[in-house]
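Before I ask anything, here is the structure I am working with.
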Amino acid sequence: MVAEVYPSVDDALDGIPNNISLMIGGFVTAGAPFNLLHAFHRRGTTGVTAITNSVMSGQGLDLMFRDGQVDKLIATFAIRASGSKRTHFEERYLAGEVELELVPQGTFAERIRAAGAGLGGILTPVGLGTPLGEGKPTVEVDGKTFLLERPLGADVAIFRAHRADRLGNVQYRKSGRNFNPLMATAADLVIVEVDEIVEPGELDPELVQTPAVFVDRIVQCAPLEVVWNG
Amino acid sequence: MVAEVYPSVDDALDGIPNNISLMIGGFVTAGAPFNLLHAFHRRGTTGVTAITNSVMSGQGLDLMFRDGQVDKLIATFAIRASGSKRTHFEERYLAGEVELELVPQGTFAERIRAAGAGLGGILTPVGLGTPLGEGKPTVEVDGKTFLLERPLGADVAIFRAHRADRLGNVQYRKSGRNFNPLMATAADLVIVEVDEIVEPGELDPELVQTPAVFVDRIVQCAPLEVVWNG
Amino acid sequence: MAESQTRRPVGLTRELMAMRVAQELQDGMVVNLGIGLPTLTSSYLPADKKVLFQAENGVLGYGGIAGESYDRDLINAGGQPITLLPGASFFDSATSFTMIRGGHIDVAVLGGMQVAENGDLANWFVPDRGGGSVGGAMDLAVCARRLIVVMEHVTRDGAPRILKRCTFPLTATRCVDLVVTDLALIEVAEDGLVLREVAPGVTPDEVQALTEPTLRLASDLTEMSL
Amino acid sequence: MAESQTRRPVGLTRELMAMRVAQELQDGMVVNLGIGLPTLTSSYLPADKKVLFQAENGVLGYGGIAGESYDRDLINAGGQPITLLPGASFFDSATSFTMIRGGHIDVAVLGGMQVAENGDLANWFVPDRGGGSVGGAMDLAVCARRLIVVMEHVTRDGAPRILKRCTFPLTATRCVDLVVTDLALIEVAEDGLVLREVAPGVTPDEVQALTEPTLRLASDLTEMSL
């Protein structure tokens, strides 16, 4: 089915319950849905499992960790280097209040893709012989050993893109693409914030990087200014 | 490493031995490398395992079947409907002279992608309970059964695209994309015929659909006119 | 009953079958049409229904079959030249089957050779050619949200194609939701086959006589309205 | 020997280490630079070498770190703003790791905490923070064609980082090809570690004294030329 246009990011979260798994697209600032994240923060949604590459200190998702809205983080980048400021996530994690599942970034991307593509999991050599591979099943193929990593889907996915048409076709901008086309395939409800919504036919069909079938809700809003802080 | 520009399709096959696995991109006419295929035919390369979606009757690959250059076909579309003209492939196959591995199209695409992405195989529900799933290993994930299908790579891949820059960045045209970006990742030697070769910087970075790292040889030539015949 | 077993009732033309299938498509749906008879469906879509047609070779949002101007790079999964509607997009085969296996195809319409009463489908093996072609049919059959099979009710020799068990190699198990034939519209329910509609002038008895498993008659069984 | 164990020799600055790593990059190579010290490498590439830098967040062919104009959508894997060179491209994370796992990264340069004599690498777990971050490091370590680790030769406390066995949780096993430190350039060979170069003014004995496993001296052992 095709997408619907919503008048605001708060409206775009209509009907979303607590206790959801939530994919948050973007890589640091690129393609990250700060407007939608802050709407989730305002909404007070609790019991969230957040699936995202990393947590920016003191912004967006980190405020949801501060305010106890998130129970678990599935990410590739979580605990920072010695000497750097701790995120609210890290404080909660060290206090034993939230759970962390750390995933190698290629495995993270591919597990999300597997969920979206109706596949039963992925077979990767990455993580073997490390703590992130411990206890996981392995499969032998042609004499080589691979980790079997499970698909990673979610109830809701949010991310930012450049433009969308009213059907839900989406075009990204530069390195703002990253995990977003994958997450768009892997959640039951996909919500996208964009710079601009146009009429069908205004996007070059070659530049539609996420076709409309994957998108449920779109909302136009200016990017929220955030400052990169490592 | 980046790509090299070749002066002709015949030159672009320089050094390729017999007894190779050869991926041939394209879907019917769209994105199909008829110039390169005919160069392989002229070259007289033998012992080929052809990996391609289908065989067009009497053209390109089918001439290589006629002339005994191909030993095995891995395809999704192979034997035609009752009453249609037989391809040279079909005649050879029914005579027991060539081998056929029939693969569901989604599995075909995903197996090629797995080879290119360094994955150990794919887990798909498609093919279970059918002759195409018989004898293959299955894997249980979260109570569901999936076929484990092996990666499908090749020694050489050929396909047609719209434009390339001298580094090997490639842009496709309309439904000429199909299997080509996947095959570009999955062969040791990747050769692309294009309408036009341009300087680096002339392609929009958003429209590079196969980045240069995947491409080895590029050659500019007009599309060979072929007629669709089912 | 004896008469209906020896004389085949006159059913729908291919065009009328496609017209009946088109009625199953709802506004906003994403639909994949198989090669052959299913492709005809796009021509009978009412103007007020906007459907996104997907072709597994990497096109979403195509219109109909193109006229004389042939663009080698703009074709559907049957190799036919197509037109594009506003909002169309192109993508590679991996993305195309992500749509399909990922459950984003609301309706797939496929041709059939045999359908069993448990919903098994056989539509790829061509016995007199010693082999077959699957294309995207297996992926579509397993993964589309709703699978409609459109086919002649019986073979050229008059043998039933709707069987207790398929005798041809399967495309997928328990996948068919609805069968539209020249004689009837039959739903595959949990507990067997339900005859919902008969073609104009065709009786339920005539349909049953040409169908191997027993058909349950729907309480609201009607004649097709085309 | 006693002296070198108590007094740490003066080695290369971070900039000189990056400069030495840059010498390993050849024209036409596809190179991924990890966060931190490895990123510096791009600034010391000779003008006659054209290298395609890949960032795992979906950029191929970036130039250096951008100046004041910050584009939130144009960053490398460390989150730093970057410039683009002609011939650059953007892609999603699945394609990015297809490049990486598929063996298309000719050289990856990663930071390290510990390297073992069999090539094991530990570089993600931060003991005093009770956890860590992997990002793309595991994929790069396992799948890059050649893995260069650049790190200080010893910890702040003067303990060796090049060990018989890593004591920190591993990033990947048997993955390191070359280690560049402030004191030395060491190759990981099949049969152990080979000391190929020493930093200016540093002796092989001083390097050995700060290295746990025994180093084999290369027959052509030289001082680094920077």
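Each chain carries a letter (A, B, C and D) given by its place in the written order, and its residues are counted from 1.
Methods note: a residue touches a chain if its C-beta (ideal position, glycine included) is under 8 Å from a C-beta of that chain, and two chains touch if they have at least 3 such contacts.
Please read these numbers as outputs of a predicted model, since none were measured by experiment.
Contact count check for A-D and A-C (C-beta pairs in contact): higher for A-D.
When each chain is reduced to the average of its Cα atoms, C sits farthest from chain D.
Taking each chain's centre as the average of its CA atoms, chain C and chain D sit 58 Å apart.
Between the CA-based centres of chain A and chain B the separation comes to 33 Å, rounded to the whole angstrom. Chain A and chain D have Cα centroids lying 29 Å from one another.
Once the centre of each chain is set as its mean CA position, chain A and chain C turn out to be 37 Å apart.
Residue positions of chain B touching 2 or more other chains, listed in rising order: 110, 113, 117-119, 124-125, 172-174, 205-206. Those residues of chain C in touch with two or more other chains are numbered 90-91, 94, 97, 100-101, 143. In terms of inter-chain touching, the protein chains here follow a pattern that is not a line, ring, star or complete graph. Chains touching one another form the pairs A-B, A-C, A-D, B-C, B-D. Residue ranges on chain A touching chain D, taken from their complex, read 27-31, 54, 76-82, 90, 93-94, 100, 102-110, 113, 124-132, 172-182, 209, 223, 226, 228, 230.
On the chain C side of its complex with chain B, the touching residues are 55-59, 70-75, 77, 79-80, 90-94, 96-97, 100-101, 125-126, 128-139, 142-143, 169-173. By the touch rule above, chain C contacts chain A in their complex via residues 28-30, 52, 54, 60-61, 84-91, 94-95, 97-104, 106, 143. On the chain A side of its complex with chain B, the touching residues are 110, 114, 117-125, 139, 141-142, 144, 146, 148, 150-151, 171-174, 205-207. Contacts from chain A toward chain C in the complex involve residues 1-2, 113, 116-119, 165-167, 169, 185-186, 199-201, 203, 205-206, 208, 211-214.
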